[in-house]
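To start, the structure under review is shown below, and the notes come after it.
By letter and in written order, the chains are A, B, C and D; residue numbering begins at 1 in each of them.
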């Protein structure tokens, strides 16, 4: 029942920014991109470290339909506040190349999820470690210990493989996958996504964002500029949250790696808009990739060409990045029901009706 | 007459954020900080390169009352988008030390203003270049060529010295000093400032921001989250502006240089809030310094101590940085009258009355 | 027998640089630092992926005798070429804090070793994930697939725990721990260590380096400036190696985190001296920490003090870093016997006698 | 007479590295690159601040024969130790684009030389500041105050223009241009250059280095790995020098900007080889550009293509960068006669005969 009430931001008539969305308003509007979640919810009540309750999971982003090791992509990373982990970052900063899927999970599960991506990669690439070079998986995290028995490291190798197998163009939002136990700006949050499509004169390129949102304190929430958090303050939710936000930006615009780093660098502007102060403990890390051009692993020639976008096109993608990220964060909150976790800790779902009232009062809707 | 209409943001009843302001709501609320402008306005009509019209100037921030070469300060720099200049940045990034005043001017005047700071420094420090080490001035810039004969490099050595001499705790805003010929988010802008004061349990530290704002396109202006630019769009002002914003953050909280770099890194969140997309050509550069502790130039001991702030205090300063920067940008726009410059180019002042109407419509005021 | 021939560089009369060594010429000369290896050697002949032959391991550096989560240390990271992994780097870059042991292993084992460190940390810190914050392990890697069945991920959780338990002030060098299957500059290499002790007027501080060396091509080896690799060229060893080098610098000098980052940044100068070109695929990553001052995890005050070193002391530590790293790399090569690995690939030990002849010819010895 | 004795390193039979040199062993072997010096030597004896003695100058590198504003180039910057100035760096780091000549001078003359480059650029580009975008000059510096009246800022606008006019493919070395008053590793130094040419299978690309060398202490000098400084120690020259080294790398290999940044990052390996510890006060900054492909200022299309080099070619250029830089530094020292400057301070020329004896003793020559 309650679930029926949970719609996406835009279904309530709230739009973010000026740019048109892609077809599904999802990162998977970028052709070739798919997303898979494996959600682990089990037990309730008192924390028994190592046993539960379990409120966690893993989310995997496959950047194109093929083998991303064989056909690598250009990518860039930006770190607004580095109090978090994104394995593989140093290599992406150096080479500007993405060569594995991207997996997101809880902080203490980074190791096992990393091993899961290794397992998947080795199965797909039989010559790695023999005739072919090794690779560095890209695994990001947020801390879901407010709701989840994070000590249990409940995400195992097989959950990663299941997440990969589950990948599709349909992206569930809220308390799913890596977002299962997360909270943002004082409310239950988790996975959110959105996309933008440039106009015809700008090539109709698609850019999508996917976030795992787990940051901020409740009085800070802003919805399209409206200080919803401040007005809702009395109904205060869970205590201030020093968690993180990992953002994945995908596009089919043929940006080079330096430009993708700059796209990732616009995520911080979206964080400002929803109310983040990028707090000391928040791992605010963004990765952007383009699947427009493939880099063959065993290319023999002395050089290859890469496309560079014009400033005009880049500016349109900067705007698209900010808008899609802002909307993805809000979608992650709007999609999430109240959740009770370990030790009966509660992360309250955003009260939709009151929020819509506030939006009306501020001339929206 | 018109001037009477121009008040600061807060005088219209619009407040930004949750933190109290300092006494004057100015960067000079930080004890010891003073600011001096030298404003150059001359001529009108057709551009005669090298002669005018002149709409430019220089703004100098003195970080404490003493000799900043003899008593150096800790500082940090953050670059959200590096399409601009802040000389001395590399050394501040390496050493975390500020040893000269900070000067801001137009893009092509960086050289002469740099030389002006050198001149000032040499007069104050007779042993430099003999027994004492040399120094690297800190000079930032924005491009005022829409209104100003920027080719003329009208800011000369003596204007820098005058600016220094004029430094006081009273900071004029809008079309003064380095802000004289600048525009932001489609409207006349320039210099703006604001400050925040932490609560007693957080030490009542003061943090102030000063900006020279020269970035963004007009439909993007947001005032406290309200999309004023979008609603004003029909009355469109000057064409999209690919300029920059230089932000100076000062505090008397004893942050170390790594923490000051992180403070500077929160300016990008404020840029997001007022509507910036940090466009390709925008030099979005911030410098933060603390004047709480002095580093003696000729200290002989093997080590010294520096204070490090706790995460809790740091988070309060992050919030103060974002709020003060957002308000300083808006003050720079609210303070600026319409200006006509070279070739009769016009940068329109923000229409205050209509803006206030829009704010009302959105539940503010 | 052959083992008797393998001595450390200095035992052959070759000294690097001008600074005195510590007592053991080892990273463990820094009081409180201990190192543990777990070495895995099993099988021979043809590679059967997942089964062997096994030539790998894990090396753990414990930065002080206590609980490093409870008593955190200041640290810095420098990336000369980021084609490698050091998990936890982004947080160290942001916070300048080390809060776990440092583990080194092979590239595809990063996940399981990460999980091993998590396991160890959770056992020692029962409130993590409940009342206490989570942590991010620091795990580095090199690629040992030339000798090792790297697909097998033979380093398991229990090996990490054994490595930690084995930690002592006595550091074995060469083909041990993470160094087991590594090669550098055309010869068998692995773990190496060295240390320096400053003079009395500089506080007698100790600085130690530990490397896992796995980089470079054979004609490039330089021993104290002598082009040994070029002269040995005819006896060419294994093919050019595009691997990495992870360097750990420890000191009891009370440097702050920004200064420790700068210490780590001197490792590249040592790489130049031994003949590295920091090739495209080489993950040349360094981490430096000081265990002079402890940061309490739950400190309540608004601020604390940290020591900053003077330029004079810093310069002495820069020199010590370069010398200790250069010698540690050479020790790793001098200590390593010829090893045969998977598919009978051979990594030849440096021919000591011929090398000493060459050194003599060049006026050394 | 004495001048006859001063030859380039290679003329004495000392070769650095394995790669062939270009035709002149100069940065100007890269087709289109030219270099101009303006050398200012005047007066002697006691320092009269502002009047002399004068031992300084300016060196300008023109990156191609055309108008570099109209036909911009790709470039990258690396900062090994940022205690120095290279204006324009932030923009090159952001955009990867070089749009002005590169000028080098003394520390306190950066402003006036910056203004000189602005003057030159405005004369060549009449629409800048009107219809065309402004630009940011690239000006680097070292501190020549040991010999020069640096307070006098003796390099004026006209000297910059003369330096530009004097640019040719013939590059004088030693105490010329920006190198006039510089010292390195205890000896008189200044400008040095060298080049490398890749083999036919690697496209015969040319890479050249030009340095202004002003760093290091005398016992540290290494010539092709031989500790010449340590052996010459008794004849000690001037006191330890905390100056800087600015390195310019040029190539006609079509590297993209991220790759050029990585080339610049190999300069630190060469610094290690000649004996640098990259001391606290040393501004060790490198810029690399490619003039293979031109970026048109007013390109209208949405995108363009850029060449990316293969890892194999990149590695060859890494090696070439290190070798050319090492040789350029040594050339700057070998070319420089003893110079007496302000207050009769003496910077001794490297004693060539003794040096060659030492080289012989170490099996070279």
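Everything below uses one rule, namely that a residue touches a chain if its C-beta (ideal position, glycine included) is under 8 Å from a C-beta of that chain, and two chains touch if they have at least 3 such contacts.
All of these numbers come straight from a predicted model, not from anything done at the bench.
Asks: Which of these pairs, B-D, A-C or C-D, matches A-B in more than half of the residue pairs in contact?
Replies: Of the listed pairs B-D, A-C or C-D, the one copying the A-B interface is C-D.
Asks: Counting only C-alpha atoms to place each centre, which chain is farthest from chain C?
Replies: Taking each chain's C-alpha mean as its centre, the farthest from chain C is B.
Asks: What's the distance between the Cα centroids of chain C and chain D, rounded to whole Å?
Replies: 34
Asks: Approximately how many whole Å separate the CA-defined centres of chain A and chain C?
Replies: Inter-chain centre distance comes to 34 Å.
Asks: Compute the distance, rounded to whole Å, between the mean C-alpha positions of chain A and chain D.
Replies: It comes to 45 Å between the two C-alpha centres.
Asks: Going through chain B residue by residue, note those that touch at least 2 other chains and give them in order.
Replies: Touching at least two other chains: 81, 94, 262, 281.
Asks: Where on chain D is chain C touching in the complex?
Replies: Residue positions touching the partner: 18, 80-81, 219, 222, 224-227, 230, 262, 265-266, 268-273, 276-281, 311, 314-315, 318-319, 322, 361-364.
Asks: Which residues of chain D touch chain B in their complex?
Replies: Residues 47, 49, 79, 81-91, 93-95, 107-108, 110-118, 122, 126, 128-130, 133-134, 136-137, 143, 145, 149-151, 153, 242, 281, 283, 285 of chain D touch chain B in their complex.
Asks: Please name which positions on chain A make contact with chain D in the complex.
Replies: For chain A paired with chain D, touching residues are 94, 96, 202-203, 254, 256-258, 262, 299, 301-310, 312-313.
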